[in-house]
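For reference, chains read A, B, C and D in written order, and residue numbers begin at 1 within each chain.
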Amino acid sequence: MRQAGRHFLQIPGPSAVPDRILSAIGRQTIDHRGPDFAEVGLKALNGMKSIFKTEQHVFIYPSSGTGAWEAALVNTMSPGDKVLMFETGHFATLWNKMATKLGIRTEFLEGDWRGGAEPDRIEARLREDTNQEIKAVCVVHNETSTGSVSPIADVRRAIDAAGHPALLMVDTISGLASIDFRFDEWGVDVCVSGSQKGLMLPPGLSFNAVSERAMKMAERATMPRSYWDWHDMVGPNETGYFPYTPGTNLLYGLNEAIDMLHEEGLDNVFARHARHGAATRAAVRAWGLEVLCARQGQESGVLTAVLMPRGHSADAFRATTLQHYDISLGNGLSKVADKVFRIGHLGDFNDLMLMATLSGVEMGLAKAGVPHESGGVQAAMEHLKDNPQARVAAE
Amino acid sequence: MRQAGRHFLQIPGPSAVPDRILSAIGRQTIDHRGPDFAEVGLKALNGMKSIFKTEQHVFIYPSSGTGAWEAALVNTMSPGDKVLMFETGHFATLWNKMATKLGIRTEFLEGDWRGGAEPDRIEARLREDTNQEIKAVCVVHNETSTGSVSPIADVRRAIDAAGHPALLMVDTISGLASIDFRFDEWGVDVCVSGSQKGLMLPPGLSFNAVSERAMKMAERATMPRSYWDWHDMVGPNETGYFPYTPGTNLLYGLNEAIDMLHEEGLDNVFARHARHGAATRAAVRAWGLEVLCARQGQESGVLTAVLMPRGHSADAFRATTLQHYDISLGNGLSKVADKVFRIGHLGDFNDLMLMATLSGVEMGLAKAGVPHESGGVQAAMEHLKDNPQARVAAE
Amino acid sequence: MRQAGRHFLQIPGPSAVPDRILSAIGRQTIDHRGPDFAEVGLKALNGMKSIFKTEQHVFIYPSSGTGAWEAALVNTMSPGDKVLMFETGHFATLWNKMATKLGIRTEFLEGDWRGGAEPDRIEARLREDTNQEIKAVCVVHNETSTGSVSPIADVRRAIDAAGHPALLMVDTISGLASIDFRFDEWGVDVCVSGSQKGLMLPPGLSFNAVSERAMKMAERATMPRSYWDWHDMVGPNETGYFPYTPGTNLLYGLNEAIDMLHEEGLDNVFARHARHGAATRAAVRAWGLEVLCARQGQESGVLTAVLMPRGHSADAFRATTLQHYDISLGNGLSKVADKVFRIGHLGDFNDLMLMATLSGVEMGLAKAGVPHESGGVQAAMEHLKDNPQARVAAE
Amino acid sequence: MRQAGRHFLQIPGPSAVPDRILSAIGRQTIDHRGPDFAEVGLKALNGMKSIFKTEQHVFIYPSSGTGAWEAALVNTMSPGDKVLMFETGHFATLWNKMATKLGIRTEFLEGDWRGGAEPDRIEARLREDTNQEIKAVCVVHNETSTGSVSPIADVRRAIDAAGHPALLMVDTISGLASIDFRFDEWGVDVCVSGSQKGLMLPPGLSFNAVSERAMKMAERATMPRSYWDWHDMVGPNETGYFPYTPGTNLLYGLNEAIDMLHEEGLDNVFARHARHGAATRAAVRAWGLEVLCARQGQESGVLTAVLMPRGHSADAFRATTLQHYDISLGNGLSKVADKVFRIGHLGDFNDLMLMATLSGVEMGLAKAGVPHESGGVQAAMEHLKDNPQARVAAE
């Protein structure tokens, strides 16, 4: 039986794709070697530099974000190299597993999944690494499984304070274009991202931003690689082309997304997400529930992970909510499976969509018999009313 | 500066067009005289019979709903004929003006804009019309300017009770496919509707449903007519064609809409609208505001018109709400201009969209400095939680 | 069983709708009373003035072109008024019938369907009309049933030469935006057009261009009218709005079409059509068939009507061609039913699409067993090669 | 200045994407972990089995076809393993380079780029490989750079005749869904394909079909791999899910493509391509030019590569043709750069589109001053007329 109205896709990515982007993706494919393609390619490559805030290198892959993780590793590492990773949550763990699988030695600083990476522990570990075995420090910027944000600039400072030459590699698959990220200013060396989060696209494109230093390191790295090889990209990219067939239609959408982000203004985008995150946490508190991220100032503007009351299944709650209110919420992953649900408030999103989302959660909690106080929706609305977004002029 | 997220189009029509229908409308136009068109035309014509609940005649015009008003009049009337109309609100008034303009004499039973047409007054007037000058009784089913519903079956009973031969002509432009309507069972003779309300299409198609009796009357009616002439339509329609170029792409959309309505089940569609109307009224009461429709049982499931507190401008409120919360609300028309705003809850709409809508109203009231109690959103949510929609099997 | 590849819609309208326009039409409907609509409305109204080449009035109806015929008549005429019409073909005949049906007296100058209207015969008739009973001269600019073009400027000169005050009313439903038309310069008073031909839209919008003189005449005209009334339009149109719900989504498409026409340059558009008409006639001659239009210089750039060899059914040929080569050709209408087929070469069309079209005709002639010489495709190709289009800078 | 009409994208892939598929791709993205996704995933995975004609394994990657080349190698090989490849043209050469780059030893049987792989030479080489160093034989099914087809079933017979255990790995990126391919019947072990050719999609999805034997070999293969790992896919694929975020919107398109292919019938699709290849070659002969593929029976139905007369630049010709006739033709690659141009006649294509394409070539040859006979278009048309496609009932 058909359900009326729009589905609310409030997982922490893919985010709902705006009509402008869907329409762009639906345009006819063109010759990726023809003269008209150059404009498409250059706009995408240069546009992504403006999003990463870098004047160094950006590479675009037809792949999921997982592919860009692999690209970051195989371009910079040689078999047996060691990397230091920080366990912010499920995705940090997956990246760690991937590195191991590819034959890289990893050291995984244990975390409690309730905050971002800890720069002081990274610094301490690097100071111990006197023979500089560690080739890269890998952290997740916005940990999609927990809703916590790592202080990337502080991680760079920690590496520098330790006087260690390790690269700084950052996964900002779910953070980019939703929360502040500054590749050059923060001294990041390799960055990994994907299309289906803040960029508001369907999945299928992934990105590396790469520093000159990492490009140099890639020249000496001996991991076997072909599809992901940065150096094969550089030449064709200069004129807007790619070494193999690019994902033309998703690039159409990407160019639209880049325009939309600049039309709104990146700082407005970031402020919008932060404000929606705060309103969501106000709702969670009013419901008498607990936000998974326990470190103040590290709560994500992209998503909010919420702990279920003991004895209640998050997945049963999500199923009820989907069935009765046509809203998809994110599930808890591995360690927190069935114990948390995640509310995505990223992408092309506004106050009323947030109110719809939180109403779905509040009605779902009631429908599923989860103990809670009512009033979360009201609390979020008060927050929004009391904290109007100050908009700055777009770029 | 770009606003993020979806616009909420909560005027009482056009309603937001679902993606399935937009996609259908975007298909390539075909030869409207070719063999493939027959299927398109027959599906639309027969489908609309299922929506009107009639086995008599349905005609489809490429025009706005206003055109179908004119069609109803020029097909059945001769210059100087008299019709009896009921002033339910702005749209009844406009139809009345049109009739006058076309050279038809009208008698307009005065109403207070706070309820539907009154069968007893109609009956009384018809009893006085002993020489049967009145050729038709014209009432608006769902008065879009006030949010009141006329009891159509009772109007038919009133005409019959008076033993009067007048036709029953009904405007259900904004009622059809949102609230119950039964052309044959209720003994309606001519019905007027449009595409951009419950049918979830963009504007541009309009409809007449016509009884055999009205078809007969049309044979003797002498108003000049060509574009709107029913009798020119009958022949081509039999095989799915039209006497002049039809609105092919909107017909694609119409066929998709008909499918969607039957996939949900018309009774479920009606129950959904009724429930959303009730939840909206719960919100209005909680805000301490007044619903324009004052007659219990006649409140519309399509829209709710809300009276502003004295001294406050409805249009200023609507402008504020549009600017800050990206939601379009309906304005007050003529007699109630600037005194009421209208909340549309029609078309492809669900619980969370309603919650978004009411949140936009509540936050807008605060932002515009309109005196009100907070808690309307909460009250609506309680109503929705306490009154889950019982869904019946779709046709 | 699915046929592969694109269908070729080569009837003389609707023409195949370009993707840019389909995409525009598929955008979300907005509030036609809201602030954002003004831009849509003004762009459409002013844009259509640039297409009609007028600084006087343009009106846009949600209706088929047939509606705009009716609008032209009911706004300017009073019951019993007389108009002079010229029988260029089927559509002139239909307009004549409509006028009669609406209670207007018509005089129909007989034609042979093989050329445009004849200014000298019109002048002669007007000279006879000493008491100026004739209120308007009505001619079809591009007669879609025959592929002949009437010399509109010469008709104006004929009226003036006769010193007659009759209005000049012109149907350019299929001519506008494909062949030269100059409302103001040519002294036209009322013009009728539609969306689905040179404007490259689906059917559903129609247009009147109206001179100040005709606007004046409308003030005194007493035909009953409401939907079509020009004077109700003037006020709202000034700020980009309409007196009743406009066909918003088709207006999106119209605005895209207007942009496309100016991007190409109207003179380039006209030259393109003329060249394709000439190439098509070269093909017809090579096939040993006859073009219906027998008056040199009046052959249409929009379509070419071709006479079948005696004893052969045009409709059987068209059915064969549709079945085997997935191309829709236009049928012969009324007097020439089954005797001619029509090749549409209008709208968003280029050299290779023409070659495809003519190949479909040539292969279809063979498949249907119609006597002909081969070589038409070759002849058209030679024409195109030998007569490259000189393109002028777009506006 | 805008060019009117449709662009003809006649490179040998991407092929022009049909509207049905563009529309499917433009649908809203859904939760790839939610209950509704299973249907999407299962339909794609099972559908692709029906296209490959296999009951073994199919894997779908969000990547270009190049990625699926890499996947085929890294799943089956260990560092230092040897493969035997056949130089059919540019793409065989690129695959060879990739293998080398990944640390696989390759032996490359030299070819003249004018035909498919030669089974007898493969057999001879395998017979010499007495200690079975060669782990796989890699051939390109349809060599996109030359328009030649390799006899895959004969290659399998050659391997078997040599009694050699090497895997048979086949690149059918541009052959699949355009020319006959039978994974199971022909004994292929690993197959590589992509979305933007016979599957009529934009680029961005790639495929491996894999035999049980190759799956077993993958268990022992030690090339580092993660993104491409087949074994990670098997579990999630069983219920329609993927181990990482899939390319949801391209999967929507893929499912539409699979439906379209079966609606037409794969055998009809293959016959259509073969017939268009033959008609194209008839045109080339009539022009007095030479088809690059010199081996009778191995000419491709997907594309035809044409040798330029000595001293004439293929790229200058292609640029002229693009500028004047808005058609993109394929360029010559590496060894035959600027010496051949390639006519794509693949994907969603029909007789009239072919006639348009060949007209573009013939007019372009004249415009670019390339010596040739006219009459190619005529010859192709004669071929099509004389050889109507016998259609069999679709599956």
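Here is the rule we use: contacts are C-beta pairs under 8 Å (C-beta built on N, C-alpha and C of every residue); 3 or more make two chains touch, one makes a residue touch a chain.
Computed from a predicted structure; not experimentally measured.
J.: Select the chain at the greatest separation from chain B, using centres from the mean of Cα atoms.
T.: The most remote chain is D.
J.: Given that chain B and chain C are copies of one sequence and touch, is their interface built from the same residue numbers on both sides (over half shared) or different ones?
T.: Answer same: the two copies use largely identical residue numbers here.
J.: Can you give the whole-Å distance between the Cα centres of chain C and chain D?
T.: Measuring from centre to centre gives 45 Å for this pair.
J.: How far is the middle of chain B from the middle of chain C, if each middle is the mean of its Cα atoms, in Å?
T.: Each chain's C-alpha centroid was found; their separation is 35 Å.
J.: Just curious, how far off is chain D from chain B if you go by their C-alpha centres, in Å?
T.: Comparing mean C-alpha positions, chain D is 54 Å from chain B.
J.: Mark out which residues of chain A touch at least two other chains, giving numbers and ranges.
T.: Counting only residues that touch two or more other chains, chain A contributes 23, 26-28.
J.: Residue numbers of chain C touching chain D in their complex, please.
T.: So the residues of chain C in touch with chain D come to 1-6, 8, 18, 260, 263-265, 268-269, 272, 324-327, 348-353, 355-357, 359-360, 362-363, 366-367, 374-375, 377-378, 381-382, 384-385, 388, 391, 393-394.
J.: Inside the complex, what are the residues of chain C that reach chain A?
T.: Listed in rising order, the residues of chain C that touch chain A are 19, 23, 26-28.
J.: For a test of understanding, state which residues of chain D touch chain A in their complex under the given definition.
T.: My answer: residues 7, 9, 11, 14, 16-17, 22-23, 25-35, 61-67, 70, 74, 79, 98, 101-103, 194, 196, 202-204, 223-227, 229, 244-250, 322, 328, 331.
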